[in-house]
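You will see two complexes here that share chain A, one where it goes with chain B and one where it goes with chain C.
And then the complex of A and B:
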């Protein structure tokens, strides 16, 4: 009887231990936050972040999760809609950092919001991946150093001088053979907001480095009738008009430019060949376009084609900003790999070091992704030319970034 | 009659104590960081709304460019911080004074034109300031804006901690409410009411309406300056988009929804607009529809705003209970 009691006690203890172990194993979750505009004026960009995060986390979890030390973590996403409002953005960031206890945050899509968020994620030592190249203005030796306010922030889009350089080169190489004479005069037509100002400052320098004389024409961000400004642009007699950077605005302005016959050639930044085809845009003038970061409508890479197939199969919409999702997708895998290397999810400084040393073959680039000491990634730019008078015949080229910023561009 | 007045002042004191107590204990009710953060931004907005409520509710001068004066306060703080290294406490009086001065300056044309023209002037000023800030180069940070550090500690209080930031905003809000209450119940407040009700008559009895109108606009601007510097140091980053015509329209909406004449009106308006979409999970489009419908209802049924409606409902319930 005594032995029976002892045996029962032992069994109970063993079962309790087993149950505790099982429940602990079931509890291993890796909390990752996503702050993006699922409503409001940035919704088209925000939805792509959420869709990319869902796809990446699903693939990682389906693949068995993140193996860190002797534990396996499943990614649990905490998605918060910032409603395109900075107050809601920082409230969401504080909730994710302090209440939920996320280890990393993906987002947001705009410079102002990302910077305000970094002031929260930095002190809390939460890794933040943001796709804004305008972060380059604040990522420097001091801010990314240990103790700096951007030590845990990573820019998942190339430095703007790199992208501007490769884009300018690609656009000119595709358009020059189709024009009556070598283009000399470019007009950059850009939205006058934070991103537009930052991006165009680099693109103008990149075009000048390619021998162009450049005029910059800014339009107010909410413009819908571009004809007065485009008439002014026409009066400048440009060889190429570059619609830079907001794809949605460009899709409104470009048809107006065609009607006004503003230029003998165009470049549309942020307009995907897929959208050009979908909207059945057509021009008798040569038109080039590039996407942020890789086009979904006409990519030469099988890995990218495969990615977008899975992305759209998940129900994501085919929009002008769909390609933006790739600014967030690969970095889930990089972060997971960094955690595996560090062997803990609670050592953010070691994770930062691991990310900085890492070389990862992602979808967004045919060469492995690496972060530079300022926490910025590098990859090439794809530029496509649509055959005049067609909507669906594209010739795409991939341009590598220049080795150094052009004269007059301080980098960033 | 005397008993009724006594009851009314008792009710006011009880209401003030209850609201004050709720605001003080709010962080201890475990609202979570999200709602605490929203409470801070609501408090900052309410400070600016008290200024707008004073000029609209007491003097009858509406503005749809009020965010611009908040922007003046915020940019003054950010520019002083970036160029001179002045911290929050040093910049605070400059933000207040410059916002008040600019508000007075913008108010000067209002002396020559009637109400609706002044509304257009404020709107134009707001748009103009936005353009100037967006194209101000390194001085204003352009469209990208400016970064601001943390509030300097006093008595070792770290204002980067959310609860401390909350109490700082509540303290500022309390001071603003007291100032507004004193103004409303002073002879100056009654003079403003006289101007609002019948300006020609007020002038006829010897009131210097011009001076008083500029005065109230400057007080309103000063409160906007307080809100601006608090916002800049809370967000740690400001940009022109925060101070454009659209945020200004939201401020006007909040003050009309909440009610401009009652002391709790601006606070109620700020709470409705900041918390309603969060609690009801409304996206920005739905929110705007709700605000539009709400504003129509308020104009038609509750001309004194939601706060006056709530107060009226309370009075009605009490009278029913007594019967």
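And then the complex of A and C:
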């Protein structure tokens, strides 16, 4: 009887130990930080990062988690609202890196904020995925080399000269057959902030490379009544007006341009066909639009349709920036794959190497995603033409980026 | 020449929206003595209410009325529940209104989300006269602004209530001894200013899309207009609005376009240095002896 009791006790102890072990194994946590604007003026961009991160981590966890060596990790997101404030961004990054101990951070939505975060993630060897193409100005041989301050930073948006090149080519090829004569004079209409200045500098060169004479008109970023500025543009007699960055401003300015009959053709950057349809916009002039990286409103790709269905089912808003969420979603899977290849979550240098060698078939592009030696990704741009006098009939084309920057564009 | 005339027409339409904002601010700041930095958010709330009602199937002009009533009610609650306790310390009220503006932005985001809102143009016509495009809805905004200016101006300068209000501003203690309910007048002015913000928001969303952050952009111009014209001076707000509209229109057309906002603010700074009381003279709220 005594032996029986002892045996039962031993078995109970062994079972408890086993359960504890199993429980510990199940509790292995991969801490990932997200720093994004959930309030303040960048909230529409910030919310896309958070929504994409939630969707990706939920799918990875539901699929069994990240299998690294003999352990399985469940992703725990640590989401911090940067309130569209660079100081809050820095404080959040410090907390996530120093106190929480995240292995990677997704965010933020603007150049200055991302660079500030990189000053914290770099020394701590925390991988950072930021979408801003303007990072191209600082990602170079020296900064991304081992020991460099951006060695752990990855730009999840394509280089600006690539995007500008593919967009300019797509816009002109779709509009030219619909105009009375081949377009020669383009006006680029852009918000006068750091991102607008950076992006437009590349786009102007891309249009010039396509044979356009280009005038650049910058407007104050918070403008709502564009009529005086658009009247000025009308006086320039453009063949095409390109509303270049950002989507919300374009959606404010474009209807005013239509009423003032500013141009015989338009291009709307960052306006998704889905938004065009939702707003019931209509123009008797040909209008093209493009999305970063791929449109949610009229994508022919089943993977993209499936992604956006799940994304919106999670409660994310249908906005001009919704497509941007994809810039963050795919990289969760790339990062998870890199960890699995390395076999440890504690070898960030090896993870960087794995990411640089990886070719990953994600949602964003028909061709696999790869990072170049400057930690920048490459993919195509989707450009759509809406049939005049309709809100919902689109003809979309995918333009591959040019092989090299155009003349006068340093690429950075 | 056509482009120049178009810019003058644009200036008038730019001025109209600014004047509506400016009148609300100039009344509340100049007559009630309350610096309500959340006035822009009141306007934004008016726009959001209009959007909600129009997308729910209501006619635009009925929605406009709804926005005016609801934002007026919001103004009543804000004055009675918050600003009434800061009348003796206007700086507290000012800081409180900044907090209120952020809270209102996020309440709207929570209820409606952060995405830009727009409604179809209620009229949807453009008249072309001599090569100049006149957007019909902008014409309606100019006309409504003129009506509001007339009602407000004559209400203050000619009516019995206006006289009592002006007496309260000149000397609230004496006015109170004469049986004028000064506090009630302050509430009345605040609510009237809020109703105008509701109207401004409704008209604004008929012209442009708005976001939860639109208020924080327009408030600067509203304060500029009321300071240029002279606080509490309705005619001053009209003059200030027209001046800024003209500066905006012409600088956007012929100056450095990216500096458009800066030109207006330079004009404001210059005027305030030369004439601190504003171009048409103003007040600073009810004064006690």
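The working rule: the second predicted complex is superposed on the first by the 392 of 412 C-alpha atoms of A that agree within 3 Å, B and C clash if a C-alpha of one lies under 4 Å from a C-alpha of the other, contacts with A are read in each partner's own complex, and residues count from 1 in each chain.
As a convention for this text, a contact is a pair of C-beta atoms (placed from the backbone, for glycine too) under 8 Å apart; a residue touches a chain by one contact, two chains touch by 3 or more.
Note that the structure is predicted; figures quoted are calculated from it, not measured.
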Joint occupancy of chain A by chain B and chain C, clash or fit: clash
Partner chain(s) touched by A:47 [first = chain B, second = chain C, both, neither]: second
Partner chain in contact with A:171 - chain B first, chain C second, else both or neither: neither
Touching partner for A:39 - first (chain B), second (chain C), both, neither: both
Which of chain B and chain C A:192 touches, first, second, both or neither: both
First (chain B), second (chain C), both or neither touched by A:235: second
Which superposed partner A:209 touches (first chain B, second chain C, both, neither): neither
Contacts of A:363 with chain B and chain C, given as first, second, both or neither: neither
Touched partner set for A:68, first chain B, second chain C, both or neither: neither
Partner chain in contact with A:123 - chain B first, chain C second, else both or neither: first
Region of chain C that runs into chain B when the structures are aligned on their shared chain, from 27-35, 45-53 or 99-107: 99-107
Chain A positions touched by chain B in one structure and by chain C in the second: 39, 41, 192
Interfacial residue positions of chain B with respect to chain A in the complex: 32-38, 41, 134-135, 142-145, 147, 160, 162, 235-237, 239, 241-242, 274, 277-278, 283-285
Chain C - residues contacting chain A, complex: 3, 6-7, 10-11, 13-14, 17, 105-106, 109, 113-116, 118, 120-121, 126, 133, 135, 204, 207-214, 217-218, 248-254, 257-262
Chain B-facing residues of chain A, complex: 38-41, 81, 83-88, 90-92, 94-95, 97-99, 111-112, 115-116, 119, 123, 134, 137-138, 192-198
Chain A residues within the chain C interface of the complex: 39, 41, 43-44, 47, 192, 217-220, 222-225, 227-229, 231-232, 234-235, 248, 251-252, 255-256, 259-261, 279-280, 317-320
